[in-house]
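In what comes next, chain A is part of two complexes: it sits with chain B in the first one and with chain C in the second one.
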Partner chain A sequence: MLTILFDGIAYGMLLFVLACGLAVTLGLMNFVNLAHGAFAMAGGYVTAVLMNRSGVPFLATLPLAFIIPAILGLVLERTLYKRLYTRSHLDQVLFSIGLVFMAVAAVDYSFGSQQQLIQLPVWLQGRIDVMGVQVGLYRSFIIVICGALVVALQLILTKTRFGSRLRAAVDDPRVARGLGINVSLIFAATFAFGSGLAGLGGALGAEILGLDPTFPLKFMIYFLIVVTVGGTTSITGPFLASLILGIADVAGKYYVPSVGAFVIYTLMIVVLVLRPQGLFERAR
Partner chain B sequence: MSTNIADYVRTTLVRRGRWGISEIAFWLIAAATLYFLPERHLILNEIAIIGLFALSLDLILGYAGIVSLGHAAFFGLGAYAAGILARDGIADPLLGLGAAAIAAAILGFVTSFLVLRGSDLTKLMVTLGVALVLGEIANQASWLTGGADGLQGIAMGPILGLFEFDIFGTTAYAYSLTVTFLLFIIARRIVVSPYGLSLRSIRDNPLKARAVGIPVNRRLVAIYTLAAAYAGVAGALLAQTTQFVSLDVLAFHRSADVMLVLVIGGVGYLYGGLIGAIVFKVLQDVISAWTPQYWQFWIGLILVIIVLAGREHLTERVRTFWKGMAGRSAKIPETLPKPSAREV
Partner chain C sequence: MRRRTFLSAVGAAAVTLALGGAALAQETVKIGLILPMTGPFASTGRQIEAAAKLYMQQKGDTVAGKTIQLIVKDDTGVADVTKRLAQELIVNDKIAVMAGFGLTPLALAPAPLATQAKVPQVVMAAATATITEASPFIVRTSFTLPQATVPMADWASQNGIKKVVTLVSDYGPGIDAEKAFTGAFTGKGGQVENLRVPLANPDFSPFLQKVADAKPDALFVFVPSGIGAQFMKQFVERGLDKSGVKLIGPGDVTDDDILNGMGDVALGAITTQHYSAAHDSPENKAFVEAFKKANPNMRPNFMAVGGYDGMHLIYEGLKKTNGQGGQALIDAMKGLSWTSPRGPVSIDPQTRDIVQNIYVRKVERKDGELYNVEFATIPNVKDPVKAAKAN
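== the complex of A and B ==
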């Protein structure tokens, strides 16, 4: 029972790291980016390829799994995404679906359609017994890393100059620009950072979520649930939403496997209908 | 004064409702393919079905401005309804079509209340969620739907008791084309009616529409239900003509594909879906003959390019061309609403 709770929390934390970049682009920058999972997949593949082909140790691949998707995100933002900020949501949806299709086929072409397996270092394998609860070492590792990231993000967003600039740029780009804030630079940096985080999440999650070319499509809905249910004005909303989703998903799969994802989708619809602004948000 | 306006509206609508030469030519050519392209009837059948499916999406997206990422829910429900009926011995195709339309319309009516609220994003998520839930149900209820193995053992009777389905797909194509044509005429009649006009005003500005006394929610519920029924019929046609239904009919990529089809052809005029279906299917055929495994990449690329090049701009071109062919009776160009970026 507690083990399931623990696994659920680890899963939820992972979902949060994967999705928080989307919370920024979708929630703060108001861009419906269905291709977010593609960046996560990029991070996962960076780790998998480096480990399996070049023998780089797991931990050493993680920074790269952050940096490469971040650069990818930056390039795409500068060249393509930025043209679409002011376009209709339909355009954004179509554009990002197109990107997903391309990413799926391109990865399939380059690395094959099979699952990518990664071998965790020995000290992260296995489970230990903490006060009668079976705790997976790797999952504790994920919780620690993701927890640190959550705190850091919250601090960056609320305490730093960059954070207040970002919030200003989002609230009213025109006025922010008038005050001398370089809005497009901030958007680009944020987008790159969000993509990087997704990549890191993809690398950390390769072991738990599985990694194959259809990753962006499979998890797209989860990311969207986190963001739409969590609401988009703060970090805490999506964070709580991912924890709930993670625990519900793990527990659901364990106790009532026949019902499957049904409950989650239904819950999502109910939440969205009752509280279209998200669960943890005051209605505007 | 008011009668003058009423007269003006009436004459405008009547003029819009008139059939242009190019429209008649379009359907004549479609009918002619029945005789001149006998070896292509299987793919033409698919084009007709996808065209009808895209047409139904156009009704809600292009005319009422409801964005949907889950239109496959109705398509799939229609396919399963028709398929299950046929498997259980009710082999009359038209009966199956009617049942599929009713089933999809009921689902559309019920779920329409969910898409009345919220922003574009909420609508996207809710429609997507409905399709996913339906997909899960179809997957789990394998006693009814065959689950992941698909629905097998569909045997269709002859249409109207006269025309048997043949292996070349000729009957199937004629059947799908006729149904699509009939439904197209109805849709055409609807969009040039005052009701269709009110839908467009809702799409362009819901607030103003409400202010001038249009019952916005009732209109949206009606068109959503109708579009659902159309999608259900398209699904039923697929089930009946291929005699097989799999979970694929409810999959996400089907909702995405139909959106792509509509976007290729152009949103907001009825031929958009049909033209898009032709282009899409031909493209798919060509690309997958050339690179069978990776054709999605090129479809994705096309989508990205269309959006970057300016979707409305392209559609405008097609429409101007269309208008030039058809003279003054063609549809007046309308642009899709551009919701402001701060709507969520």
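== the complex of A and C ==
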């Protein structure tokens, strides 16, 4: 029972790191970025390629799995995304889904369509017994990293000057600009940071979720569920939504394996019927 | 003068070309190879294409005085595309044989065309038992899933395994494997519990926890080979290997193509299948060596051997018919037998399906790489589904 809970939390944490960048762009910047998964995939491939071809240790690849997608995100934001902020949501969807297909094809062409496998260091493999509960080491590692990220993100957003500027820029870009806040710089930085987080999530998830060129398409639906259920105005909303979905998914598959795959979709429908604005968003 | 010479030379050349072209058209036998070369099943296509080209490179492109031309088409793993490509190849290119077919739906889609046009269809990969019944022109050189699975049940019951949990991906071949294993194993007095996993399943942990709680002697698993690695890792992560649960299944999980990348987690998995790159025979050694030489960084798997033998079957059939296609060719293919890299094989004249040895293998480290090492052989296995129907 507790093992299931533990696995669910680890899975939820992973979903959160993957999806929180999307929550930021979609919720804070009001931009529908379906290509979010492509950045996650980029992070995963950075880790896989560095480990398998250059023999870099797993932990050392993680910062790069953050930085490279972040730079990629920054470049794309400056060159492409920027032009679409003011366009309709349909344009944004079409643009970003096109980007997804290009990413899928590009990765397929350069790395092949097979699963990328990574070898975890020995100290992250296996599991230990903590007070009668079987706990996987790698999943504990994910929980620790993601937990730290959540706290850091929340603090940045609520306590720092950058956080308040970002919130101001989102609430009313014109007034923010009038107050001397460099809105486009803040958006670019936020976008890059969100992409970097996705990359980190992709790298951490390669072991559990698998990694192949169709990754952005396969997990797009999960990201969107997290964001819709969680609401998009804060970090805590998507975070709690990820945890609930992770636990519900794992527990559902454990207790009722025959319908396990549908549990999270059912949950999403129920939540959206009761609270169309998302679980944790204040009603408008 | 000079101009006249030039003109006559050109004229002569044109005549030669025209004659040569006509002669060439008569003497060419075209083989349409339809494979998923892109998309999620591209590894199947790449393996088969590499093996087919290797065969032609080794045996030359002339059979019974005719030139063999291989036309490779990519169906991207979509059945509608397979059918359209098959039609184009038959009508426009006038192919004598179509071959390839990476998945069951892709093999079934062009079956009516094979019947209508009387074009033999050589299935080199797809493994659902019923495929050869879809047209009298279908012949298979891969394997059928029940053919590889039923021997696993026999082996398990003979080796002290009494309680098994099956875990399969919830799609056609997975359910085939589950049924074949459950039927054969309960028939021998074993106890089976079935679990099905959604095909698009990111995380196996809840299912594996369920297995851990059931405490079986063995876990029978069939998942598409790509996610097999994911599965293996989580199996070990959960400590199931240490708690004495044996991992068994048909060989798709320990596919030679990706086995080495799985790492030590795959060690000790016991599978039954018709081909391992580590099969100990001079034919196989030569095949693996030539394959690796022609395709660096690739190891032939069971798909490759299906493609290689498929080409062999076409070559031998054409030799017997002196280059004739159609009904004559399919009749010539029936009953052929030869020594393949996988061991002795033959084409069952009644079902047009392959009869071959099934090997019980264990994943071991050999020369620094992971291989399925064969330790027991069940000779001349026919497809159990069609064998049961015949009786």
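Heads up, the rule we're going with is that the second predicted complex is superposed on the first by the 283 of 284 C-alpha atoms of A that agree within 3 Å, B and C clash if a C-alpha of one lies under 4 Å from a C-alpha of the other, contacts with A are read in each partner's own complex, and residues count from 1 in each chain.
Everything that follows uses one rule, which is that contacts are C-beta pairs under 8 Å (C-beta built on N, C-alpha and C of every residue); 3 or more make two chains touch, one makes a residue touch a chain.
Given the structure is predicted, the values throughout are model-derived calculations rather than measurements.
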Exercise. Can A:Ser258 be said to touch chain B (first), chain C (second), both, or neither?
Worked result: both
Exercise. For A:Pro276, is the partner it touches chain B (first), chain C (second), both, or none of the two (neither)?
Worked result: first
For this session: Figure out whether A:Ala70 sits in contact with chain B (first) or chain C (second), or with both, or with neither.
Result: neither
Exercise. Can A:Leu240 be said to touch chain B (first), chain C (second), both, or neither?
Worked result: neither
Problem set entry | Which superposed partner A:Gln125 touches (first chain B, second chain C, both, neither) | second
Exercise. Of chain B and chain C, which one touches more residues of chain A?
Worked result: B
Exercise. Thinking of the overlay built on chain A, is A:Ile186 touched by chain B (first), by chain C (second), by both, or by neither?
Worked result: neither
For this session: Report for A:Gly98: first if it touches chain B alone, second if chain C alone, otherwise both or neither.
Result: first
For this session: Classify the contacts of A:Thr214 with the two partner chains as first (chain B alone), second (chain C alone), both, or neither.
Result: second
For this session: Could you tell me if A:Tyr85 is touching chain B, chain C, both of them or neither one (first, second, both, neither)?
Result: first
Seminar exercise, completed: chain A residues where the chain B and chain C footprints coincide 108, 258, 260-261
Exercise. What residues on chain A touch chain C, complex-wise?
Worked result: 3-4, 7, 11, 108, 112-115, 117, 119, 125-127, 134, 136, 138, 207-210, 212, 214, 218-219, 222, 249-254, 257-258, 260-261
Exercise. Contact residues on chain A for chain B in the complex?
Worked result: 26-27, 30, 32, 80, 83-91, 93-95, 97-106, 108-109, 217, 221, 224-225, 228, 232, 258-262, 265-266, 268-269, 272-273, 276
Exercise. Across the complex, what residues on chain C touch chain A?
Worked result: 38-40, 42-43, 195-198, 200-203, 205-207, 209-210, 226-227, 229-230, 233-234, 236-239, 257-258, 261-263
Seminar exercise, completed: Per the touch rule, the chain B residues reaching chain A in their complex are 61, 67, 69, 114, 117-122, 124-126, 128-130, 132-133, 136-137, 139-140, 252-253, 256, 259-260, 263, 267, 293-297, 299-304, 306-308, 311, 336-339, 341-344
